[in-house]
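Here the chain labels run A, B, C and D in written order, and each chain numbers its own residues starting at 1.
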Amino acid sequence: MSSEFQQRAAELIDAGHLLYARGMVPATSGNFSARLPDNTLAITVSGRHKGRLDDGDIMLADAAGHSLDGNRPSAETLLHVQIYTRFPDARCILHPHSVNATLLSLLADGDVELRDYELLKAFPGIDTHECRITVPVFANDQDISRLATVVETRMANTEEVFHGYLIRGHGFYTWGNSVEDALRHAEALEFLFDCELRRKGVSPK
Amino acid sequence: MSSEFQQRAAELIDAGHLLYARGMVPATSGNFSARLPDNTLAITVSGRHKGRLDDGDIMLADAAGHSLDGNRPSAETLLHVQIYTRFPDARCILHPHSVNATLLSLLADGDVELRDYELLKAFPGIDTHECRITVPVFANDQDISRLATVVETRMANTEEVFHGYLIRGHGFYTWGNSVEDALRHAEALEFLFDCELRRKGVSPK
Amino acid sequence: MSSEFQQRAAELIDAGHLLYARGMVPATSGNFSARLPDNTLAITVSGRHKGRLDDGDIMLADAAGHSLDGNRPSAETLLHVQIYTRFPDARCILHPHSVNATLLSLLADGDVELRDYELLKAFPGIDTHECRITVPVFANDQDISRLATVVETRMANTEEVFHGYLIRGHGFYTWGNSVEDALRHAEALEFLFDCELRRKGVSPK
Amino acid sequence: MSSEFQQRAAELIDAGHLLYARGMVPATSGNFSARLPDNTLAITVSGRHKGRLDDGDIMLADAAGHSLDGNRPSAETLLHVQIYTRFPDARCILHPHSVNATLLSLLADGDVELRDYELLKAFPGIDTHECRITVPVFANDQDISRLATVVETRMANTEEVFHGYLIRGHGFYTWGNSVEDALRHAEALEFLFDCELRRKGVSPK
């Protein structure tokens, strides 16, 4: 493996430990990847526990998400491929699966709108709390190719800049130009989801 | 002790530390076991603190739950025996005692039904969120032999596959084909109980 | 210092780290003590941070709570003296100051009654969930001598066995026959207060 | 750098790790400073992650907040300068950004009043729970100079002693005569904000 692969793998492993400690990747939920300079992907192997990741849990795939080393990548690899294709600067994708994200995705009517929070400045290009970002909520689908098309269609048909999205009952995706950036976005979204959920209150179904 | 016993004991000790860190085995609540290839059980000694387990806190019992080494096993050993008898592939049983499980068991009308969560895929044989699992809620009973019979009767008279159950005011049981599997199920159930409880809201008694 | 003092001091320091990690002794709140065989007390020095206790933060006092080493003991030392006098077997007293205890003490109408929880078995002499314990709630008072008299009067005039009490807006006291026992009681009460508070819901003032 | 700088920097780094572990400085939110005997400031560099601070993340600025070492100080440096100017004894300022503070600042009608909590004694000059402190809530403003003027105007026109303030949607500021004191105040305010928020309940916007 290249040293580039090894560095990104080490960062993804650390991200897993950190997100697990915050309750954001329980059981074997979640998956992570980083895009290398040659457009291959360092990505979590399917079914591994993100809080106990080690070297053998990060594998190499090509830009289309096909395994290059015989391991089986996350079942949701095509969602990673869609994001990397849509955002040429994206270098890391994190998919946490927190209680806050799961609940908010189930309780939201349509998309989640976040506004007036200072922490919105954690996202690129935002320098004031006096703004609004939209976090789309997509229906869950076990057909990942179809879900990736739904996500791509939504992104292709808007001027809005997205920094993450929710899948109903299934956590959220976010990305950045480095593992550090993606982690900052994951922490910010988790914080904002927590705020939104508590402002909403959680009432009888 | 056999090296098999020692390996399983080490895994149960780690599981205790992990579950305690998540607030799932306060005080001396909870108990854990693993089934060895010769059908003996490595099981927590009665009354030990699960967050501070060490080698002396895991003992050997026979398949019927009788002590083989002079230590006194958990008062709830017969619940372990029932599960191992019913599920020939089960190799580990974990009984956490979290606030979420306790509250949900007290607030539920009848059984708990979990549906439409992606995390249901943490359980064996489930490959889509579009399903439903039932978590039975049994009345608490200090007569563990009688409680084991109630559990067995319920399991014997249904086509449904159970992955865990709640005891009212008393936490939950789950199991798996390895300590790692059982831990994944414990984390998944805790997450799902948290979601259910917050969706329900918790209102005046 | 005697080796007995040093052992109890080390246990109290560990208890402080553990309770702080659980959010139960924020800022410099809380205080702890252990009774030595000669009836002197190892007790936390006034104003120290319980999450960062070290050897210099545990001092020696006599059975009446007067300093034996020039340090100033916790302002609430007389509450410790009352408990040790009333319960001859008590060897350790812990006073955590958690959000759950603070809120429950403010919201309770009169005493807190805990019933039907399996975790009640964490207290001595209780072997079934089918029971009820009372946790008295006392009004807060900066006159600790007067508060100690109120506590003693309540305890002297009842057949009930208490395992802890709340002070309004001010956390709780619990005790045991060893530091380990007192910690088990503290963990159990915190768990039960959390359950009660969430069952009650927390509504507009 | 002076050894004074190095000691304060080490304390601010520890404070960052501690506050991050409690969820109080997510993403790259928050900022911290300490005033040195020569009135220069050790202050966090703009945009650094407070949970992963190291030596290179603390810089030197003059009393007016201008960089003395080429690094760019926190965008909110002028809020630090206002506090140090107003309170000659202040030696440390901490600005955490917790969910509790964010939510309470958004839900409060006007200022937050804290009364009858024993933990109010964590603040200097308070020796009884029978008192009341006011935590002003200021509107958020990206023009930090203007915001500093608003804060100063409020403080200049009252007899009240403030121990901290909230900025709407943007966390809180607190300070003390040492890093240890400021941390105690940060822990106490976080605890009290949590209590207030839960007493209020969080209901639909």
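Assume contacts are C-beta pairs under 8 Å (C-beta built on N, C-alpha and C of every residue); 3 or more make two chains touch, one makes a residue touch a chain.
Predicted model, so just to flag it, every value in this text is computed and none were measured.
Peer 1: Applying the touch definition from the top, give me the chains sitting in contact with each of chain A and chain D.
Peer 2: Expected: no chain.
Peer 1: Give the label of the chain whose average Cα location is farthest from that of chain D.
Peer 2: Using the mean of the C-alpha atoms as each chain's centre, the farthest one from chain D is B.
Peer 1: Just curious, how far off is chain D from chain B if you go by their C-alpha centres, in Å?
Peer 2: Here the centre of chain D sits 44 Å away from the centre of chain B.
Peer 1: Indicate the whole-number Å distance between the mean C-alpha point of chain C and the mean C-alpha point of chain D.
Peer 2: Chain C and chain D have C-alpha centres separated by 31 Å.
Peer 1: For chain A, write out the residues touching at least two other chains, lowest number first.
Peer 2: 201
Peer 1: Treating touching as the only link between chains, describe the layout with one word: line, ring, star, complete or other.
Peer 2: Its topology is that of a ring.
Peer 1: On the basis of the stated criterion, which chains touch which? Give every pair.
Peer 2: A-B, A-D, B-C, C-D
Peer 1: For the complex, which residues does chain D have touching chain A?
Peer 2: Listed in rising order, the residues are 23, 26-29, 49, 97, 99, 102-103, 106-107, 140, 142, 167-171, 201-205.
Peer 1: Report the residues of chain A in contact with chain D in the complex, numbered from low to high.
Peer 2: 22, 116-119, 122, 127-130, 180, 184-185, 187-188, 190-191, 194-195, 198-201
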